[in-house]
Every structure is written in C-alpha cells, then in structure tokens.
Amino acid sequence: MTPRQVHSPISLRARALACGRGDTLLIEGLDLDVEPGAGLLLRGPNGAGKSTLLLSLAGLLPPLGGEVSLFGHDPEDGPALHYCGHRNAVRPRLGVRQTLAFWRDINGPTGLSVDAALERVGLLPIAGLDAGYLSAGQQRRLALARLLVSRRPLWLLDEPTAALDTDGHRLVASLLAQHLEQGGLAVIATHDEIELPALRTLALAARA
Amino acid sequence: MIGLGEHAEFIIAAYAGIAMGLALVIGWTLAAARSTRRRLAELDTRDRSDRA
Amino acid sequence: MRGFLAVLWRDLRLALGGSGDVLTIVLFFVITGAITPFAVGPDQALLSRIAPGIVWIAAFLAMLLGLDRLFRPDQEDGTLALYRLADVPLAAVVAAKVIVHWLTAALPLIVASPLLAVLLAMDFPTFARTVVSLLLGTPALAAFGAIGAAVTVTTRRGGLLAPILIAPLCVPVLIFGVGAIAMGGGPDQAGAALLFLAALSLTALALSPFAAALAIDWGEE
Amino acid sequence: MSIETAPKISWWNRLAHPGQFVALTRPLVWPLAALTAVLFAAGLWFAFFNSPADYQMGDTVRIMYVHVPTAWLSQFVYATMAVSALGTLIWRHPMADVSMKSAAPLGAAFTAMALFTGSMWGRPTWGTFWEWDGRMTSTLVLLFIYLGIVALWRAFDDQLRAARVVAIFTLVGAVNIPIIKFSVDWWSTLHQPASVFTPEGPKMPGSILTPLFIMFFAFTFLFLVLQLVAMHTEVRRRRIATLERRMARGSAA
Amino acid sequence: MRGFLAVLWRDLRLALGGSGDVLTIVLFFVITGAITPFAVGPDQALLSRIAPGIVWIAAFLAMLLGLDRLFRPDQEDGTLALYRLADVPLAAVVAAKVIVHWLTAALPLIVASPLLAVLLAMDFPTFARTVVSLLLGTPALAAFGAIGAAVTVTTRRGGLLAPILIAPLCVPVLIFGVGAIAMGGGPDQAGAALLFLAALSLTALALSPFAAALAIDWGEE
Amino acid sequence: MTPRQVHSPISLRARALACGRGDTLLIEGLDLDVEPGAGLLLRGPNGAGKSTLLLSLAGLLPPLGGEVSLFGHDPEDGPALHYCGHRNAVRPRLGVRQTLAFWRDINGPTGLSVDAALERVGLLPIAGLDAGYLSAGQQRRLALARLLVSRRPLWLLDEPTAALDTDGHRLVASLLAQHLEQGGLAVIATHDEIELPALRTLALAARA
C-alpha cells in the first residue's frame, strides 16, 4: 500500500542483559542482535519474563545488569521505538480519531495520516465513537494504529494479537511484514502463531 | 542533687521526655536489628538446606 | 510544542468533559466558606477578619482534591509509559498538566470567590486583594501539587499521600498569600508579599516540571 | 561507565557493596556507643551539678542542654538525608539509599524531642506550651516533612525504585526548608535569637557553654551510632526480602 | 455473613496493607489543622473559636479524598461485576465498604483529634464535644459518600451528579456537626444538634447500602 | 481428578433476545438453547457483540428486548453462573491464595479447596506471591481458578485463553471438558481454537 521506504538503519543489541522485577532475576546473560529488516519472536510459558524483557528493551524498566543499545541511533532524533504493551492507553471520553490524533501529536506526525491509519486497522467506520466504547479487539486495533501514525524503526510488541479475530491476526502479520520490509525491526512477545519468513524465534525457559 | 528552682516539674518533664524518647528510639532500633538478624539467620539456614 | 499543546487539550477536554470534577472542587470551596459562619457564630467583624484566611484554606484544600487525577489515570491505563517514550519531553507533559490543573482547580475557585466574599462579609478592597493574591499564589500550589502527585503515582495509595507531602511545602504560599491580603495597612508590605508570592510561583512553575518528570521516569513501571 | 570507574576500586567502591559496608563499619559501633555513653554521663553531670542557674531564666536553663542539641539534630539529620539523596541521584551509591531511609525516622524522633523540650521550656518562660512562634512553627513543619518522607518510603514495595523517588522529594524539601523558615520567621517572631553561633562569638558564659557542647556531641554521636545500626538493619532487611521472595516462588521449583 | 466478613476483611487489609494508610490519614488531618494558623494568623483566641469548623472541614475533606477508593478500583478491575453475581447481596457488600471507609477514614481522625485540639488551643469541654459530634456525624458522611461514589462509578456521564447529589446531604451534617460544638452556651441546643446528627447518621447508614446497591446494579457495565 | 458429579440440571434459554450497548443494537432476534453437558462457542469478528451477549446472558447488562432464562434454576439457590470477563479482578497487595480464598468466600465454598484449585491451574508454586506481581497469563489462570472453588452450572467465559501459553490452552480445554462432563454448561466467546466434541459454534456477523 505504502511505497517502500527505508527507516534509518538501526540495530538493537543487548549484551549480557539481565532483567527482572524488583530484585527478582528473570533473565540473565542474554545476548541479542536484531538487524534492520529482521524480527524476533519471544516465546515461552506464562511468567517466563517476556513482558519484562520487552520493558527492559524499551528502557521503561532499568535492566539489572548488562546493557541494551540501539546501534546507529542518534539520540538527538528522539525516541526510535514504539512500545505496545498489555494496556492500550485508551481513555474513555475521547473519540477514536481524537485518541489517535493525540498520539500522533505527541509522537510526531511522521507516518500515515490519522484516517489512513484507522482505515488500515479497520476502525474508520467508527472513528467518531467514544474510545471507551470499543470492544477489546477494537481497542487493540487502535493501539496498533499508533504504530502507523508515527514512523519509528523499532517495534516492541507485547501480545499484539491478544483479543484480535482471525482477520486481526492477518492484519498484525501484514503490518509486521510491511514494517520489516521497510527496514524496520521488531521484537514480539506472543503465544499465537505469526507466520513470516523474516522472524526468528527466541524461546525463554520457565524460570527455575 | 541540686534544687531545680520553682519550675522543677518542667525540667524533670523535659528530661524524662528526652529519656523516654531516646529509650524508644534506641529500643526500636535495637529490636529491629535483632529481629532482622534472627530472621536472616533463619532464612539463610533454610536457604542452605534447600540447596543441599 | 505540538505535543505540549496536544497534552494540554486532551487533559482539558477530559477534565471538563462531563466528569463533574470542576463542579466538585467549586462546591467544596463554597461549602468550606459557607460553614465557617456556623463555626464562629454570626459575628460579622470577626468573619470579615478571618475571611482571607478561610478563602486561602478553602482554595488550598480544594486544589488538593484534584491532585490524584493528575497522573494516576494515565499511569493506570498505560498512557504514562507512552509519555516516557514520546517525542515531547516528559517535563513538557508535566508542565501541560500543571497548567490544566491550575485551569480546572484554581481558576474556577477564583471565579467563585465573589460568592465566598459575600458569605464572609468581605469588603470590596479586601476582596480585590484576595483575587490578586489567589491569582499570584495558586500557580505555586499547582506546581508543588504536581511534584507530590508525581512522587506518589506509582505507589498504590497515592490519594492522601500527595497532600501530606506537599502541605508543609505550601506553608510559605499560604503565609504570603494571606499576608498580602491582611496587611492592607502598609501597601509596601502587602506589595512585598505579593512580589514574593509571584516569585515563589514563578520558581515553582519553572522547576517543578523537571522534578516531577524525574520522579515519574525513575519511579514508574 | 563501568570502565571509567574500574581503576579506582577504593574504599568508596568497597563501601558501595552492602555486605562490605556492614563488615567494614561494624567494628565502629561499639567504640562509638561507648564514647556516646561517656559523653552523656559527663554532660548530665555538668548539666545538673556543675553549672549555674541562668540569671534570667533560672534553673529552666537546664532544659537547654537537651533542647538545643535535639533542635540542632533535627536540622543536621535532614542535611544528612539531603546529602544521601544526592548520593542516590548522582552517584547511584547503594549505601546512600540505605542511609536516606534509616535517617528519616531518626530525624523525625529528634524533631519531636526538640518540640517537646521546647514546649516544656515555653511554659515557664512564656506561660504557654505552644505558641505559633516562627522557630517553633518551622520545627513543626519540619516534623511534618519528616513524617511525609517516612510515609512515602512505606508506600513503595520496591525499595530501589522508592529510593530514587524519595531522593527527589528530599531534595525538593531541602530547597524549601530555608524558604519555609524565612517565611515563618517573617510571619511571627518570638523565639530567642541566635546567641551561640553569632558573628561576635558566643554570648553565653562558659559555665553554660561547657555542658551544652558536651551534650551536643553526645547527641550527635548517638545519632551516628543509631544511624549505623539502622543502616546495617536495613541492609539485612533487603537481603531478607530477596530471600523471602525467592522462597515464595521457589519452594516448588 | 461469611461473604460480608470476607469483603470487610479484604477491604480492611487493602486499606491498611503495608500499614501506611492510617498514618497517612492521620497526618493529613493533623496537617490540615496545623495549616490553619498560617492562614488566619497565630492568634490563640481566634484559633480556638474557629477550631470546630476546621476540625469538621478537615474530617470532611479527608473522607472525600478517600471516597474514590470505595468502588472505583473494584469497578476498574472487574471485581464489581463479580460482586453483582456473588452469593452475598450487593447491599451487604456496600455496607461492608461503608464500614471500612468509616474505620479507615473517620476513626483515625477522631483518634488523632487531641493533637489538633492542642494545636488549635481548644479547651477541654469543646474538645470533648468535638469528639462526640464527630463520632455521631461522620457515619452519615461515610454513608452519603457511598451513595455518591456508587452513582459516579457506574454512570460514565453521571459524574456531575454525585457532587450535586451529596452536597445537599452533607451540608446539614457539617452545619449541625459544627453547631453542636460551637453552641456551647445552651446545652439543650447542642443536645438537639447532636440528636439530629445521630438521627441523620442512623437513617443514612440504614438506607445508603440499598440506594448504593441499586445504583450499582442499574448502572452501566 | 474429581469424581463425576452432577450439577443441578439447568438449561439456558434465550428467546428473541436483542442486546446492545446504550441504544446501539448489536444482536437481534437471537434464540439460544444450551442444555446441560453442552457448550456453545461464540465466534465473530471484533466488535460483533460477543462480549455484550455474554454480559446480557449473565444479567449484568439489561437486554434491549426478548428474554433470558435459566430453566430449572431456583432463584433461592443463589446465582447459578460464573462470568469471567476480560478483566481478571486481580488486585495488587493481596496474595494469590488470599485472592482465591476471597472469591470462594463471596461465591460460596461449594467446589474445590483453594489449594487444589491453584494446583489445577498451575499456580500452587507461587501461591504466596502478591497477586499484582503475576504476569498476564498467570492472572488469567488465577481468574480461571475462581470457577473451580465455587461450583456453578453455567460458565460464561469471555476469551478464556487470552494471554495463556499452549499449556494454558490445554488447561482451558480440559477444564471445560470436565465441567461439561459433570453436567455443566458453558458459553464461550473466543478467537482461538478449543477442540471439544461437545461444543457447538454460533457465529455472530459483524454489525452492518
């Protein structure tokens, strides 16, 4: 749909990364390299630490050890990543379109227009609705639309397909394919299947 | 002991208050120290036996 | 700037959009003023003497009421995490929120203050001075409030903690706020108090976004 | 960053390790405690048996020997906390967190004692237990700030996160305390003006100054001892929390 | 009964958990009172006259601030829906919550009120009357507050309703509460005010669980 | 695990049911019959009204028309159904075991013991942990344990497999199989596959 555009070539590196919650160590000595155009699927049983790892990669949770770096990224350019967690940041009393426009404003209008993004995730027909009225899957779609309105090379997605219908699963796959094709990179924690050739899998073991 | 003059009760009250306050602070600090030390020892032995 | 305005509009819309928060705050303010006569008895002279103090206390307490809504809902629905990764600096987000807090919790009080002036038998000059001192002083309360709210967002029982943290810090604002009204006699002293209030507000406004942003960045998640 | 600091593994870095800190400072506790006890004994002896009654205040001046040291500590402890807060924020020194946390309740306690002795002194000299005088009031406000900080510490589960947040608030408070003091003094002044630390040197006779200074050191050392012990306790408490959590989940694994 | 107790214990544990909350409420109350002299000036005689009003306002505010925790968190995490399908009647759940609210937001204040009495230079008889009037009046505030909280929690647009709804209910409580203390002169008048307070509290306590339960049950999911 | 026990034979009936949110009609003229031992899978795209229908069946949302009845249920016996929605009703600062014990107290201790239920959903090893620390999938497991501690014939489940790992998917299937076998009934809205012979499927169309 969009022409092939190239993100600034950034790669994600983690060296000897240790992360966990509080002082509970969940993951230790992890080395990661994700190159432009590549995606990494995080898999593992409930409680293995997938969400924790994503938060640490996003810089929202200080790692307990080791380091994460975005190789090739100039901090002056602003944040290089989108994090999309369990919570959708959708607030009742704001319209769907307003919500997305707000995200676009705070993250920079570097991607699709608001309506184009809503169209892409299938929410354009209800763009005027109060966002608090959306069904679980629709809220998830709105959260995904956030990734489209501001272009950033690295996507960190925590269970992006949660609550989505089969069509939504395909949507996520196609969004990801397009993002990777444009030179973006992604780390995705999920329990569902996402069939894409460019995805490697990293299986996290249940903690001992 | 010397006489404390007409306001002896206030002087005594002030010193008694300080004594009580200090006793409380010291006692509380020591009690916390003792109970944590004991608990730590207990946990350490349990931890070691768990691993063994 | 775009992001700053976006936060400003969003929060204004949320605060005003039918949630009744503004009305609650104004009602609280008026109730506080209205029950004072019952406490001190119907002595007009006495009432008008303590009126500036009552107005300031009511304003201070009413602003504490809205504090929990500053960051808490955003923290709970995940918006705060987005702010931390947004293109706008977190300090700008906090600044926008401080402004909204002032607009929705302080400005309505100032607008409602004529009511209190009548209830408490203030004369007109005193009332005018009250409005000026509120206008100059409440920004500092909002700024301190933001720090208190930011420091307590991640604790799960913020509600009352933020007020007790910031109340001691707000003492100078109260003292000079009331001082500027009460010292009607010496205009230079009242002027000095007002100047001091303004200085306090400016400094607090300038510094609090950074302190609050740091607290959020290091405390959240 | 770790490369920069690596060469100078010094007492600083060794103190940064909680276990090492405890090991290094534990031998200090008993000697310091003994010194404190001696100072208190001497101070009390001077206070009651070897100092005159004031020509103006009579024997109530003896309250000063406990009032002034606690009042001084109420400010000194906050300074300790503020410095520790800088340690937490700038150097990320793990022991700074611990020091900040254990100082808060101690500071609150000394402030409460200053208030108490002050009001015991106020009754005979001014005729009232409580007066909204500037210095008394700012001490009361300081007590509230201490208690707020204690409450803030307790509101967090994760102590590492708590440390940074509390540090910010402590510093905000540190900036504000002079302003509060100034404004309260402006608002109402009754209290004794500074008479010990004046530019012209102390105005009091030496016979009163001697017990005052001894008590002053006694209280300060007492604070140091308590602070050390409380820090050791806090280090152990954190270790306990780690072990407990490990057991809460690890018991079956 | 088992369910009622379960809700009671759970909410008590949540309110007290980590043991910081009661300290917070007490501090809040004391600080609110201690702030007053800064506003009205350090005049002991004046302070002791307005003390009843201050104490009641501080209590009212502390209870208002705690109100949001009554149903909101349960609504947000889905617990409220469970209550509606539970084996305990919803009114019993509300009653448990009102009790917890009173225990954690009103009782600590009453216990801490001697402190305020010293700071505000109240004499002993006034102080004693204050405690009695708080004991008799705060249950009504808790009960009315529960109704307001129940109405706001379920109706998304009904935010405006709650303050309008509870303000007229709470104002009489405050007025009679303050009146019962201030009207020291005529013991029969003070007695009448206290009687009225008690009646208000009893009725409010008896009716509010049902009203609040209805509001919750009929509200939006 | 538990011996075959029979729930009081209740069947769920809906006649000419119309439901929706506010004044938005989502489903109209729906007739439903679910007999003891049978389950109904609700399927449909995001926003079709699955969650709304479940809420209406649970009585949490007043239907816009028609009626729902639990045939054979005596209202004196208390509620006959469990509703398990998107939100897990898990509150930080209560332990895992405490949370479940609380639910058991308010719903009646008619099912498994707390520890047995935790064992069944795989949370026993972390029964002492603060429930707010649980990962998304662990919270979901805890919510499922609620169905086990109080026995009720009708289960209304909204995306029970959300956030669960593959082992969790199997867990849901086996819990359902056991429940149906004991004469219970269930209505489940889901986007995932749940393979059980006793399940019929009802596909809801997207709203026009």
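Going by the order they are written in, the chains are A, B, C, D, E and F; count residues from 1 in each one.
We take it that contacts are C-beta pairs under 8 Å (C-beta built on N, C-alpha and C of every residue); 3 or more make two chains touch, one makes a residue touch a chain.
Keep in mind that this is a model prediction, so the values were computed, not measured.
Enquirer: How short can a chain-to-chain path be from chain C to chain E, counted in steps between touching chains?
Expert: 1
Enquirer: Would you mind naming the chains that touch chain B and likewise touch chain E?
Expert: Common contact partners of chain B and chain E, which must touch each of the two, are D.
Enquirer: Which interface, named by its two chains, has the most contact pairs?
Expert: So the pair of chains linked by the most contacts is C-E.
Enquirer: Centroid of chain D to centroid of chain E, CA atoms only: how many Å?
Expert: Between these chains, centre-to-centre, one finds 36 Å.
Enquirer: What's the distance between the Cα centroids of chain C and chain D, rounded to whole Å?
Expert: 32
Enquirer: Cα centroid separation between chain B and chain F, in whole Å?
Expert: The answer is 54 Å.
Enquirer: Which chain A residues touch at least two other chains?
Expert: Only 21, 86, 93 qualify.
Enquirer: Among all residues of chain C, which ones touch two or more of the remaining chains?
Expert: Correct list: 18-19, 76, 156-157, 161, 164, 167-168, 171, 175.
Enquirer: Taking each residue of chain D in turn, which ones touch at least two of the other chains?
Expert: 144, 147-148, 151, 155, 157, 161, 187, 245-246, 249-250, 253
Enquirer: Can you check the complex and tell me which residues of chain F touch chain A?
Expert: Chain F residues touching chain A: 21-22, 44-47, 50-51, 86, 126, 133-138, 140-141, 159, 162-168, 191-192.
Enquirer: In their shared complex, at which residues does chain D touch chain A?
Expert: Interface residues on chain D, with respect to chain A: 157-158, 160-161, 238, 241-242, 245-246, 249, 253.
Enquirer: Residue numbers of chain C touching chain E in their complex, please.
Expert: 18-21, 23-24, 27-28, 31-32, 34-36, 38-41, 46, 49-50, 52-54, 56-57, 60-61, 64-65, 68, 76, 157, 159-161, 163-164, 167-168, 170-171, 174-175, 177-178, 182
Enquirer: Considering only the defined contacts, which chain D positions touch chain B in the complex?
Expert: Its residues touching chain B are 48-49, 53, 58-60, 62-63, 66-67, 70, 106, 109, 112-113, 116-117, 120-121, 123-124, 222, 226, 229-230, 232-233, 236-237, 239-240, 243-244, 246-247, 250.
Enquirer: Going by the contact rule set out above, which residues of chain A touch chain D in the complex?
Expert: These residues of chain A touch chain D: 21-24, 207-208.
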